[in-house]
Amino acid sequence: MIAATAAVAFVALSSAAVALFPRSILVFLLFQGSLLYAYVARIPGWLRATLLGAAVLVLMPVIGTYNGYYLEVATQVGIFVALALGLNIVVGLAGLLDLGYVAFFAVGAYSWAIFGSPHANVLFGGTGFPLPSWWFYPFLLIGLTVAAGTGVVLGLPVLRLRGDYLAIVTLGFGEVIRVLANNLDKPINVTNGPRGITPISRPPLPLEVSYAVGFYFLALLIVVVVILVNRRLEDSHIGRAWEAIREDQLAAQAMGVPLVRAKLLAFASGASFAGVMGVVFSAKQVFINPESFTFLESIGVLAMVILGGMGSIPGAIVGATVVTVLNLQVLKGLSLWLNELKNAGVTIFGYNLANLPTQLEPAKYERMIFGLILVLMMIFRPQGIFPARRRQRELGEQ
Amino acid sequence: MDFELLVRIFPQVLLDGLLLGFMYALIALGYTMVYGVLEFINFAHSEIFIVGAFVGVELLLGLKSRGVLDTAPWPLVLLGVMLAGMLASGALAVTIERVAYRPLRAAPRLIPLISAIGMSFFLQDVIRLTESLWRNAFNLVYPTLEPLNERFELTSTLDVSAKSLVVIVAALLMLWGLHALVNRTKIGTAIRAVAEDQAAASLMGIDVNRIISLTFLIGGAMGGAAGVLFGVQYGLINPYTGFIPGLKAFTAAVLGGIGNIPGAMLGGIVLGLLEAFAASYMSLLTGGAFGAEYKDIFAFSVLILILIFRPKGLLGEVVRERA
Amino acid sequence: MFEAVDVTKTFGGLTALQRVTFALDGGIASIIGPNGAGKTTLFNVFTGLYRPDIGAVTFRGRPLVGLRPDEITALGVCRTFQNIRLFANMTAAENILVGMHSRIRLGLRDVLTRGRRFVDAEGALWQRAGVLLERVGLRGKGNEIARNLAYGEQRRLELARALASEPALLLLDEPTAGMTQAEAGTLMALLRRLVGELGLAIILIEHNMRVVMEVSDRVTVLDHGEKIAEGPPREVQADARVIEAYLGRRAATGRAVP
Amino acid sequence: MLALDGLDVYYGEIHALRGVALEVRGGEIVTLLGNNGAGKSTTLKTISGLLAPRRGSVVFDGRALTGVPPHEIVARGIAHVPEGRRIFNRLSVRENMTMGAYLRTDGHVAADLDRAFELFPRLKERLTQVAGTLSGGEQQMLAIARALMARPRLLLLDEPSMGLAPVLVEQIFATIVSINGQGTTILLVEQNAAMALSIAHRGYVLETGSVVLSGTAGQLAENAQVRRAYLGE
Amino acid sequence: SGPAAQGKTIKIATQSPLSGGQAALGEGIKLGTQLAIEKFKVNLEKAGFKVELVPYDDQAKPDVGVSNAKNIIADKAIMVVIGHLNSGVAIPSSEVYKEDNLPMISPANTNEKVTDRGYPNVNRVCGRDDVQGPVGAEFAAGTLKVKTAYVLHDKTTYGQGVAEAFKNDLEKKGVKIVGFEGTEEKSNFDPIVTPIKAKNPELVYFGGIYDQAAPFFKQAKEKGVKAKFLGPDGLDSSDFVKIGGKAVVGTYYTTAAAPASSAQAKQFGEEYKKKFGKNPEPYAAESYVATAIAIKALEEVTKGGKAPTREALGSAIRKVKYNGMTGSIEFDDKGDPKKASYYVMQVTTDNPEKWSENKEAKRLAIAAPAMKK
């Protein structure tokens, strides 16, 4: 009862605080913290669902009207949550280390970018493109299919490989896709090379909502579907087969698990999530070029999965949220705050920050702190934030 | 397609590829040593490598500003600088293991991988911070050791610079030394024993932690030496320079069969040759439709092909899976 | 029902199996032989993990050579491993459910829609897992992580997992290794029940001679990859070559068999 | 020589040893019997320092071993042949043997090598073979020979007969007796109770982490409970 | 001083990569802006405003840039953004700025698409790829009179864009292109140099930035390539000779920044060095100019102590006539400089301290192309 009151109060107060102080990153963090609290607190299931539902369906868009930046952060969190959940299947459940995951994201993104922009005219001639903007919606499916197909095409030859050999091949594949995107403006101009493709059509939205809100809900909707699919897969013979492969591939096969088919399915479903989000990403950005699909991006998603807790759905969600929020919000907020102190000429320990040499500009060291946080998290919580838990089941024992 | 040209530059391209390959091989040794013992990819090795390069450049710049760089005999200078680089990188590698990997030894394999990635980010910016404060610049240029720039014309279409020869000789020496150490000495045997079974090794009286530290020391020192040679060869370094060669070297290590020292060498050379031939020939062969920009695609595609047919790398032992 | 003809397998220069012929129509057949004789290798050939250089293996008239291990399991041949290979971080019950994989007739669509069919089927699977656990004496351990089970329990869980695939032929590789004599006895009783109640055929690799003598209908002896003897337990036990290569003098002179 | 007292050992939450106390005197063969999971291996691992007890003491030659890392315990004269042999598969037989003598700096290593080969002539024939390709019995011999290279005064053996053909089991037990005859004290964990009791001087029976029975080998062999549970009668 | 404005803060934001591999260039943008703010803020301060710099690190990643952009438009005190380094970040981020009419002045984005979208808030002070490339071609064919050329670029928007423009124009002028390639390589150019040497062109053009161009030219020279070297304004940094040494003396580069021997440019270089202890990176000068323009426009819209609005500032920027070290700048209706002066410079010495003494080889004034429809 106390927990329930606390949770409701926490969420309500923190969201009110965001409305009052729309620019305070600390307050917004508090709001995010309240959601996490509502998730872990010992409160009735319906209350948890109501609180979280209200937060993401109502409060977040409202907050977005006070400060669009938060909605952007939330949308990007959504994109990365879907990516992390996809990679979680491949790495967390099936145990296949994929270091080139972002390639599938790229495939999805380019599929809409090419046809949703005038660029396709260069490719096919004529003036028929961009496709009418409602095509965006069918393309969610097309992007999914193309990415899944790419997953299968990559998977077929390489899934024989184990462990780090697979890792290096996927890394290579990721690079191949990126370099291809960067180079396929010649001899035929498919991707427009480094100059990228723009303008990419945005989908028509119902009820005249703004794009910011529209993309937020779109991302949210996809995340919900992805979570649902993820849970159903995980909690079935397919998910169990993946885990068995992760634990002992030879024994799994000897117990009747068709290795190639199961692995391909893992690759394809992981890839398809990335593909869908790629389509959304390209429309949201209006412009894409290969710089969004580097190796570091793949590493980032992997860090989310492991930080959250390998093989765990809540883990992947929280991992993606933490890394994204850390990168886009906390570290940025920190350096902006330090910058303000500096501009205001605040003195600490007798040292006037205004004299801080430019070498020590806080904004420059965000990645250093991110790296440090990764190391510390691994050392102090190696199992991840929300490690996978085994469900207890009723069995047919008399 | 200009066939005559293709033939004419062939020896030079071969040499270019070999040189690049030895460079990769040198860096790959660090990955392979660590992988051999702990079975994990030390992503921070590229920074360990580049720290060697930075220590080297600082020393050379120091010597230069004191005006002794051109008077001291160059082999001595080079050797001294390399030793310093090796020491620094080795010490750094040992420290990283102590701080960021040892607490995670019992954790699943991907955990130290992420820790290593974090370390890699962290170190890049620490190097940058240090150099920014110290020199107010972090793109540093290696002072030239003039005698090393000399070029020898072997034929009218083939020439080689002294520094390239130094890289090749140093790489061969180090590879041979390391191979001998690991396979012919008691310490080397202990390293292999720890690699296989840490608990059993400790029951032999082997101090597992010390052996692992030693492995990082050796791997790091090799990285440091490679860093200095890299700087001498290519001239320009910054804190982020290590990343791509590091990735390539790691690829080379895998290609050769990770954990295998001659494999690292072979993998490096194969990758170097692939890249060199792709970069030099791609444009010639396709009449300009594809160019040097495709060299990585070509290299990675061949890598994938090789691994499909030899899933444990070129020299990787097929560790048999017994049921 | 099961037949292997002229199975030969070499590793590099080493001939691990040399023209081994083996047939079984039911009951329990044991394979014994010195360490390294090729017993486990024979199992690996039977279950598709190794492809023989020469020779044919058939089960109910179907050739097995060239099939993948999972296909062989689906046909009704399943095994346990000499060094226990459970899915260490999954629960005991989940281990068993993986064993049922080849018998599950649900598609991706059922999984994603989670309809009636799926829910019913899934419920039945868990139900059956409980029954199997009980059968091997692991009642109440279904939700334990496999890694945390005691060694003997793990051996029995492996057996349950193999049974979950509803095999007609079960291959057991040293199932009593590391068990006390009493525990081995319990396991033997279980095996005999399985043969009796389910009509299962079993091939058993064992070094525990007491077990071999007690449960086998027939014993095959391998040495250096070749079959050196075959027949009823008593006969084989008295074979001079078997004593020489495998049993040792003490066993032959009739003193306490270990 | 070795005394354990009130040992409590945990694997995370699992309480594996509960107040185990036992003693091994110089020159003895002492055997430890018990069902699967009784805690026999855990006991040996605690002695050799692979596991740290939460409570209780291990005293060897009058000095406490608690908190001493495994490699130093080897230096004090205890060698442990672990469950499942754990030889170094990728090292040659000779290299495995040199690892056994890792800590030794005296000049008698070569002589000890010859002595080990007298005991196990089979190993001498396979000197350069990669250990992973040895047969099971040969691997077991190697594991024991390797431990002897440390010149231990106390040898801990964990199920040396597991997975071995009967003829090899006989050989191994004969070897244990002969090692003991040359002055090495032995603590033997065995599933094959009959064999173990036939060569041991004394024995202890463990059940779910506690010592429930102890006595001379003869007494134990006569004990009804032991006969039922471990001798299979 | 206008009491109405008393205590009001005007923030000028920069967005550029401050961490990661492109940090050095991104930092140049930030520092150029910082210098300009300190130098030109007096009038605004007199009017009662406090002027602050807010540097953002876009990590050269589009998603980070966009999220920063959202944060920037939410901070109502930010009046203008100076940035970005990468067109790939600038284009999606400026979509966000446009939502709130926040003016952006780019010091470095040469991609045609940046301004060709015709947004009223987006401007740039740098040249366009399709202008600078032809300037180089004009010089190569007209002045150097080369017959054969080899073109290499760095596979970035900038490098490839300018290289392609250069190549196309050069071909039209009848020069034979013996090779056209891209590379992401940063250290080892051996395999690229080998065929160049064999083909023996009269000119080698590198479309890209000094940190790649210098090692490339250096290795080419050392390997015996005898061609003349030419490149775009990415080479305009004293680090070019610091890295390349003697080997790159004689290299030509095109730039919109006036020769540092011009009084303004010289002063900028000295002040920059005094303040930050190093020579300006490429784009530092452009950022300085962009900031100066922004401040000039700010002075205009705050006349009489009025609080500035983004919209007003946007149109004020379009009206600014600025004469600085990159020549006189006036924006056309797309936000491109109406007429850009270009200089072709030649490196005269390997002493980085004397970078400013590089020789002017040619001067050209070219108008930006009108918006394509």
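Every chain is named by a letter (A, B, C, D and E) in the order it is written, and numbering of its residues begins at 1.
Rule of thumb we're sticking to: a residue touches a chain if its C-beta (ideal position, glycine included) is under 8 Å from a C-beta of that chain, and two chains touch if they have at least 3 such contacts.
None of these values were measured; they are calculated from a predicted model.
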item: Required minimum of steps from subunit C to subunit D, each step between chains that touch; value: 1
item: For subunit A and subunit D, chains touching each; value: B, C
item: Most distant chain from subunit C, judged by the mean position of its C-alpha atoms; value: E
item: Reference subunit A; chain at largest CA-centroid distance; value: D
item: Separation of subunit B from subunit E, taking each centre as the mean of its C-alpha atoms, in whole Å; value: 35
item: Chain centre separation (subunit B, subunit C; CA means) in Å; value: 48
item: Gap in Å, rounded to a whole number, between the CA centres of subunit B and subunit A; value: 33
item: Whole-Å gap separating subunit B and subunit D, where each centre is the average of the chain's CA atoms; value: 44
item: Multi-chain contact residues (two or more partners), subunit E; value: 19-20, 23, 155, 182, 184, 276
item: Multi-partner residues of subunit C (at least 2 other chains); value: 49, 81-83, 85
item: Per-residue multi-chain contacts in subunit B, two or more chains; value: 125, 128, 136, 293, 296, 323
item: Touching residues on subunit A, where the partner in the complex is subunit B; value: 91, 97, 157-158, 160-162, 164-165, 167-169, 171-173, 175-176, 179-180, 182-183, 186-187, 250, 254, 295, 299, 302-303, 306-307, 310, 357, 359-360, 364-365, 367-368, 370-375, 377-379, 382-383
item: Complex interface listing, subunit C residues touching subunit D; value: 14, 32-36, 82-83, 148, 150-153, 174, 177-185, 207, 209-210, 245-251, 256-258
item: Touching residues (chain side subunit E, partner subunit A) in the complex; value: 18-20, 23, 27, 30-31, 34, 52-57, 59-64, 66-68, 70-71, 73-75, 86-89, 91-92, 95, 99, 111, 113, 117, 155-157, 159-161, 182, 184, 276
item: Footprint of subunit D on subunit B - complex, ascending; value: 186, 189-190, 192-193, 196-197, 199-208, 317
item: Subunit B - residues contacting subunit A, complex; value: 35, 41, 99-100, 103-104, 107-108, 110-115, 117-126, 128-129, 132-133, 136, 247, 250-251, 254, 258, 289-290, 293-294, 296-297, 300-301, 303-304, 307-308, 311-313, 321, 323
